[in-house]
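Dropping the structures in below, format is C-alpha cells.
The following pair of complexes shares a single chain, chain A, combined with chain B in the former and chain C in the latter.
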Partner chain A sequence: MSPLLLNLNTAICLSLTLLVAGCNAPNEKQYQIDYTTQFPQVSGGTLINAMTGEPSGLISMIAGESASSAISSNIFNSLLKYDKNLELEGDLVAHWEISTDQKTITFKLKPNLKWADNNPLTSADVLFTWQAVTNEKNASPYASDFLLVKKAETPDAQTFRVTYEQAYAPALDSWAGLQILPKHLLEGKDLHTTAFARKPIGSHYYQLDSWKHGEHLKLSKNANSVLGPAQIDNLVTRIIPDNSAQFLELMADNIDLMGLDPIKYSRIIPARPELQKKLALYKELGNSYTYMGFNLKHKPFDDVRVRRAINYAIDKQEIIDGVYLGLGINIASPYKPGTRWSNPALTPYPYDPAKARSLLKEAGFTDSNGDGILERDGKPFSFEIITNQNKEREKSAVLIQRRLKEVGIDVQIRAIEWASFISRFIKTGDFDVVVLGWGLGLDPDQYNIWHSSQQAPGQFNFIGYNNPKVDKLLEQGRLELNPDRRMEVYHQFSATLLEDSPIIYLSAGYGLTAIHKRVKGIDDPAPPAGIGHNSQDWYIPKSLRRNEISAH
Partner chain B sequence: MFKYLIKRVLWMIPMLIGISLISFFIMHLAPGDITNNEASFNPKASEESRQKLREMYNLDKPIIVQYGLWLKRMMTLDFGKSFASHQKPVFWQTTDADGNVTEGLIQQALPITLMINLLGLTITLSLAIPLGIIAARKYQGWQDRSITLFNFIGFSIPGFWLSLLLMYWLGVVNNWFPISGMHSLNYDSLDTWDKIKDTFSHLFLPVVIPSITGLAGITLFVKNGMLDVLQQDYITTARAKGLGEHKVVYTHALRNALLPLITIIGLSIPGLIGGSVIAETIFAIPGMGKLFYDAVLMRDFPVVMGILTIGSALTLVGNLLADVAYAWADPRVRRGVAKA
Partner chain C sequence: MNTQTSLLQKALSNPLSLAGFIIIVCVFVLSMLAPIVAPYDPNYIDVKAILLEPSIQHWMGTDGLGRDVLSRMLYGGRISLLVGLVAVGISTAIGILLGALAGFYRGWVDTLIMRIVDVMLSIPSFFLILAVIAFLTPSIINIMIVIGLTSWMGVTRLVRAEFLSLSEREFVMASRTLGAKNSRLIFTHLLPNSLTPIIVSAVLGVAGAVLMESGLSFLGLGVQAPQASWGNILTDGKEYIQFAWWLSLFPGLAILITVLGYNLLGEGLRDALDPRSGTNH
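Entry: the complex of A and B
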C-alpha cells in the first residue's frame, strides 16, 4: 500500500468519530468488555436499528406498510393495547365498558393527556381519527372494521362512545390497532398529501427528531409521553435495503439490532465467538404461518380424501428442519400456539405415506399404466404449485414435490413475481395449489379468510372454502364478546378446519432477532407478546454506550 | 449548422411522444397495479378500499384515457405525484398552503446518482486512457498483456460480490471505511472539512468498485483506436519529419484516437442518471436505480413514467451533443466530407 493511501486511511479513521469505536484494533478492545456484568438501570443513550424499506409516511392508516407502522407505533398511541400476555389493557384509555347488549363500548380517557406540542389530547381527537379512517376520500385499507360503527359520540372531553349495529367482537382489537391522530393539526388536511406524514406530532414515548430521506429516521424522547418516559433517549432507524449489508453493519457494531434469517441465527453467529460475545439471540413465535392451499373449486381438490391424503403424504418436520433449520413448529390450527385461541386438543397430521396411498385409492386413483403416477378416469394426477418469489416457500415446495412423487402425484413448481402472482393467478382463481403465508392480527376473527361469502375476486377466501358449519361458527365468533365463550367457538372452528384440510399447515416460523448485549432489560425467554412488549424499559448502561467505548 | 440543430431538436418531440407511448403501454401491460403490493395482502384490508384507491388514481379508466391524462399533464411539464410514498411529487418539490416543502423523488435521487456516476466516469476515464495508450504502445508486450489480464479480471468479477468482500474487509475487519449509507449519523454536527471527509469515505467503495469493473471496455476502446491511428500514414510522416516519439503519440495520434470516445461519452449520458440497482441496494444509497426498481415492483406508474421520460429525453440530448461535439472535433464531419 502506498503512503498516500495509508494517510488516507488515518484521515478517514479520524473523521468517523461516532460510528467507529476507535481505530487501533477496535474489535479486540471490545472483546474485553464483559457484557454479562450487572449494570444499574439508567436512562439515556441511543439505540440504532435497521430497516430494509423506508416508510412512505407515518400516518399508518394510510401508508399500510409494515415499515410505517414500525416507526409510527413509537409515536402514536391507540385507545387500547395488548399486555405481555396478549390480554387487552388501556393505552390512552383508563377503563372501558361494554353495554349489556354488547353493542355499545364506552371508553374513558386517562386524565390530562397531552400531545407532544402541549395541546390537550381529548375525545375530539379520537372522534376525528374515526372520521378520518372511515372517510371515503381517504380510502384507508383498514376502514372496514370502523365502518361497522353506527354512531360515534363524545359526551365529554374524556369520554368516547361507539355503538355498533350488532355486537362486533373484533371491535376491541380494532381500537387497539387504530393510532389516534391530532385533530388540531390535521383537520381539513388531505391525509394523502399532508406534510404531517413526514413530521408527525404524537403522544407516545418518542417523537420524530429528524428524517433523512433514504438514510435514517431519528426519534427522540417525548417529554409529554402519556405513558411516562422511556429509558433510551434516541431511537435511530437506518435504512439499509440489503440484508447482507445490514449484517455487516451489525458485525461492525454500527447497529444494535437486526432481524435474522435461520442461517445467520443457527449457523453463522454460533460459529463466530467474537459475535457470540457481543450479540444476544432471541426467538419468538410470530402470528404467522406458511401453508399449502388447494383451489377447492378444481377437481380433484374438492374431494376431502384427496386433501387429507396429500396432508398425510407431506413430511412437515422435514420442511421445518430443512428450510427453517428447525426454527419453526408444526401447527394444527391457524392460531399462535400457546395463546387462548389455539386449540390444545388438536394434533397436526402425521407423516404417513401408507395412509395417503390408501386414501388416494379410496378416492379412485390407481396407477393403471405403471408409470409411477396415479390416474383417475385415464387422467394422470398432476398439478402445479405456484408461489411468490420467496426462498423459503420455494424450498418448501421442492420438498413437497418430492414427497408427493413418492405417493404417485406429479407436481410442478412455479415462482412468480408478487404483483403478477396476485392479479394474474389469485384474483382470477386460475391456480391449483398455492404455497403462501398468512400474517395475522391478534384477534381470532378470520371471517375474511374462511367465510363462504368472501370469495369475490380480490377477497381473501380465494381458495373457495365453503362449509356452512364454519360459516356459522365465524358469524357466532364475531357476536360473542365474552372471551371464554368466544374461545369455545374458535376451538370448534379450528377442529373443523383441520378435519376438512382445505389448507395444509406447513410451519409457523420463529421470528429471530439479534440484539447487542449492551442493551439490557430485555425479557428472555420472550413472553407471548414478544420481546418488544417492554422496549420502553430497555436501557443501555452508561459505560457500554458507543461514545464511552470509543473514549477508552 | 444552425438549421440542422433546429431540425434535430424538433425531431425529438415526436420521438419522445413515441417513446412515452410505448413505455406507458408496456408498463400497463404488466399484471397488477399499486393496490396489489404485498402489504395490501392483508385480511384487514378490504377490496372496496382498494377499488377506491384505483378510482382515486384513475386506474379504473381505459388505458388510452389514462395516457391522455398523463400526456395532458406532461404538456405543462407536470410529472404528477407518486401513487405510493404519500403522494410525493415525482420530479420537483411542491410547497403546500402552510409553506411545507415536499421534495420530489427524482429531485432527491438524481443528484446522488449523478455525483456517483460522474466521479466514477472520471476515474474510469483517467485510468482507461493512460492504460489504453500504454497497451497500444507496448502492443503484445508484457505491459499490454498484464493490462488486458487486469481488465478482464475486473470485468469478470461480479460487482456485488467484490463489494461485499471489500465491505467486510475494509469495514468490518479493519474499520477503515464505513460499510453502507451516504453519511455518518453525526454528519450534521461535523464541520465542513469533516463533512467532506465523511462523504468521501462513504462514497469511496460505491464509486471505485464500478469504475474498476467498468474499466475493461473503455481501455480496449482506447487501445484499439490508438493502434489504428499509429498505423496511419500521417504518423509515419510525423516520425519521418523527425518529431520526438512523445510528440508523435500525444499530440498527433492521441487526439485522433480519442475521437470515438466522444460517442461513448455521449451514449453514457443516460447511464449517468440511471444508477445501478445492485450497487445502490448493497451500499444503501437512495439513488435513481433503486427508485426506479422499487417503482416498477410497486407498479408506481407516475414514477416509472417520469424516470423513463427524463431518461429518454436525456438519451436524445446525449446523442445530439455527441454529434455536435463530433462536428466540432472533426473538420471532415463539419465540412460534410465524412459522416460521423
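Entry: the complex of A and C
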C-alpha cells in the first residue's frame, strides 16, 4: 500500500469521524461503544471464529473436507489464487506460461520464498506435492485432476513445469486449489498418520499456534509469510457443534463472525436493536444451489415427461419466499447467476399445474379410483423424498409435498442424519428423490456430477444421469481453452440439462454472514470473490478489541 | 371388577391424583376433538405468516412455515396419546404373558425369563431404541412397536411376583386341590387378582412412552413431516429459542403437563393400592 493511499484513507476516516460525532445524540451514554466510528488500519488483535465440525487433520488433500480446508487455507499457499474479481493471479508463482499447443504449463516461483521454519520453498516442494496428491496410497479425493498430468519436472529451483496428455481447460483452476506442502518435513512420511497434520508448517499468513481438541484452534501470524504480513495477529476458531449455541455465543460477544440462516438474517437480528448495533450483516450470492434430484434408474423418473411435469408442478418462488425469505434466486442453469457460464437465454420452468397434469396424463397417469392420487398400471404414483437434517431443505420438501399432492402425487418425506444419509442412501443409490445442494468450484467443468462414467458408489453422479449429448459437451468443455468457445459449450450443456430436467433447481441461495462491527476493512458490497477475499487486510482498532486474557 | 372401581374412587379422593385424572381427560378430549376445535388445518402452509407471535388469529403463534401452532399442538396431542397407549398396550401384553409364565411354571422357565429381563434391563433403553429405529424407517407404527418391545420388563417382574405370592394363597391352593386346570387357575384366579398393580404400572408407563416419543421426534427419528408431534414442534423451536419462544414453550408445557398428569394419577393409584396407606383394605 502506497503512503499516499494511506494518507488519503486517513483523511477520509477523519472526516467521517467528525460527521458521525456531529450526528450523535448528545444524551447518548458515554461508555457505549460506537462501532460506526472509523479508525485507521492497525495490526494486532484477535479474531474469533466458530465452526461446527473439527478438522480431522490439516493436510487438506488428505482430509478432503471443508472444515480442514477452512483452516489450512490460512496456513498453506497454492501456486495460483483468485483475485477479488475471480481472475487468476499468482500466489506462490510470479508468472506462468502456457505453451502454444496448450499442453504444457510452466510456473515460475517468486524469488526467496520461505517456509515458516526458515527453510527455502522451491519447485522441489511443488513437485513433491504433486507426487503426493497423485500417489495412489494417499487416496486423495482431488487426485483425478492431477492424474491427467503426464509429466511434471523441475528444471531449476524456481521453475515447475507440467505437461498434459491433451489440453485440459480446468488445469489452472486445479493448481489454484492444491495447497503446497513442505517436502523437507514430509518426505517418506505416511500422510495419513503423520504428526504434521496436527502440527503443520506452512508459508501463508498464519501458522498453527495451538490446537485444543474439541475446543479451539489458534493461528498466529507467520513472520515469513510469502505475501507479507496480515493485519490481525491471531485467528481463533472455536469448535461449537450446535448452530443455536454458536448464535448464543455471537450474541454474547464471544465470537466475531458466523454464517446465518435466512430467519436469523432477516427476522431475528433486525428485530433486536442491540444486535444491530454491534453486528454487520453481509449478503453475497454463493456459488451453490439447492435442488431436487430424481433417481433416474427408478421408474417412473426415467420418463422425461414425468420429470418435466414435476418441475412444472413445483412453485419455486414459493420456496424462495417461504424458506429462504426471499434470499434466493430462481435459476435455470447449474452456475452462479450473473457469471459468464450461466446461460442468460434460459428461463426456469414456471409454476404451471395444468401443464403438469397434462404431461402426467400423457405419461399414462390417471386417477382411476378417484382417491386424488394418480395411478399407472394400477400402481399409485407415490414416492419418498429424502434429505439430510437441514431445516431449509426439510421445509422445501414440505412445500414440494403440498404442491405435488395438488397434481395427484403422494410424497413422503424423510430427514436423515448426514453420515448415514451419505453411506446408506446416496452411495448405495437406494432412494427415489433427494433434496440436496451442490457447492461448486469456480471452473465450469461439472464432469464429476453429470458425466455418465461417474456413477460408481461414492462418485458424484449418484442420480444416474446418462445423456450422450451431455457427456460429449462435458468432454469438449475440458479440452476447450478459448474462453468464448468454452462458454458456448457450457451454455449448450445447461440448455440440454434444463430440457432434460434430471434435477429441479429450487434456489440459488445467498451466503449470509454476520461479522462484529469491531472488525474493519471489509469490502461491502462483496466483490465476486466474496467478503473473505481480503481478510488479511481486516483489522480491529485497539479501542474496540476485547480485553484479552493471555492464558495460553 | 369391583376392586378396580373402588380403587379409582379411592385414588380420586386424593386431590393430586384427581388433578392428574382431570388433566388426562382434558388432553384426551382436546386431542380427540382436534378436527373440530383446531382453528386451522395443521398442515396449512402460509409463507406470508412465518414465525408470527401469539395473537388473536394464532393463539400459539405460527411456525417456520407459517402453520398454526395451536392446531399442530392439538393434532400432535393425538400422536402422543396414540403412541403412549399402543406402546403401553404392547409392553403390558408381553409383560403379562412372560410374567405369568415365569410366576406360574417357575423352575427353568422362570430362570430363563428372568435372565432375559435382566439382560434387557442392563441395556439403556433409549439407546437401544435409537439403534433399532436407525435400521427401520421412522414412522408412528414403528415407534409404537419399538417402544412397546423395549419396555415390558417392569410389568413382567410385577406379574411374576404377584403370581408367586398368589399361588401360595389358600384360595388358589383350594382350587388346585379340587382339580382345576392350569388355564382356569391362571385366568380366573391369578390374573384378575394381579390386575390392579398392572394398571398402576401401565398408567405410569404411558407417561414414559409419551416422553420417549417426544424425545425421538425431537431427534428427528419419530413422527415424520408434515405430521405434527409435540417433539418435532419442539425441534423446530430449538433453533429460534431466543426469538420464537412460543415454538418451545407450548409443546414443552404440553409434554410436561401430560406426563405430570399420568404420573399423578399413577402415584395416586399406587397409594390407594398400598394397604399401609389405606383404611378399608
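Assume the second predicted complex is superposed on the first by the 509 of 552 C-alpha atoms of A that agree within 3 Å, B and C clash if a C-alpha of one lies under 4 Å from a C-alpha of the other, contacts with A are read in each partner's own complex, and residues count from 1 in each chain.
We take it that a contact is a pair of C-beta atoms (placed from the backbone, for glycine too) under 8 Å apart; a residue touches a chain by one contact, two chains touch by 3 or more.
This structure is a prediction, so every number in the text was calculated from the model and none was measured.
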item	value
Comparing the two partners chain B and chain C, which touches a greater set of residues in chain A	B
First (chain B), second (chain C), both or neither touched by A:Met251	both
Which superposed partner A:Ser423 touches (first chain B, second chain C, both, neither)	first
Touched partner set for A:Gln446, first chain B, second chain C, both or neither	first
Touched partner set for A:Lys391, first chain B, second chain C, both or neither	second
Partner chain in contact with A:Phe460 - chain B first, chain C second, else both or neither	first
Touching partner for A:Gly57 - first (chain B), second (chain C), both, neither	first
First (chain B), second (chain C), both or neither touched by A:Ser382	neither
Contacts of A:Arg198 with chain B and chain C, given as first, second, both or neither	first
Overlapping contact positions on chain A, where the chain C interface meets the chain B interface	244, 248, 251, 417, 420
Sites on chain B touched by chain A in the complex	30-33, 36-53, 56, 81, 84-87, 96, 98, 100, 102-103, 108-109, 164, 167-168, 171-173, 175-186, 188, 190, 194, 197-198, 200-201, 204, 280-286, 290, 297, 299
Partner chain C, residues of chain A touching it in the complex	243-244, 247-248, 251, 261, 263-264, 267-268, 271, 318, 321-323, 325, 389, 391, 394-395, 397-399, 401-402, 412-415, 417, 420
In the complex with chain B, residue positions of chain A that touch it	9, 11-13, 15-21, 23, 26-27, 48, 54, 56-57, 59, 62-66, 136, 139-145, 177, 192-195, 197-199, 210, 212-216, 218, 236, 238-242, 244-245, 248-249, 251-252, 254, 388, 417-420, 422-424, 438-441, 446, 448-449, 456-460
Chain C to chain A touching residues, read off their complex	43, 45, 47, 50-51, 64-66, 134, 137-138, 220, 224-226, 236, 238-243
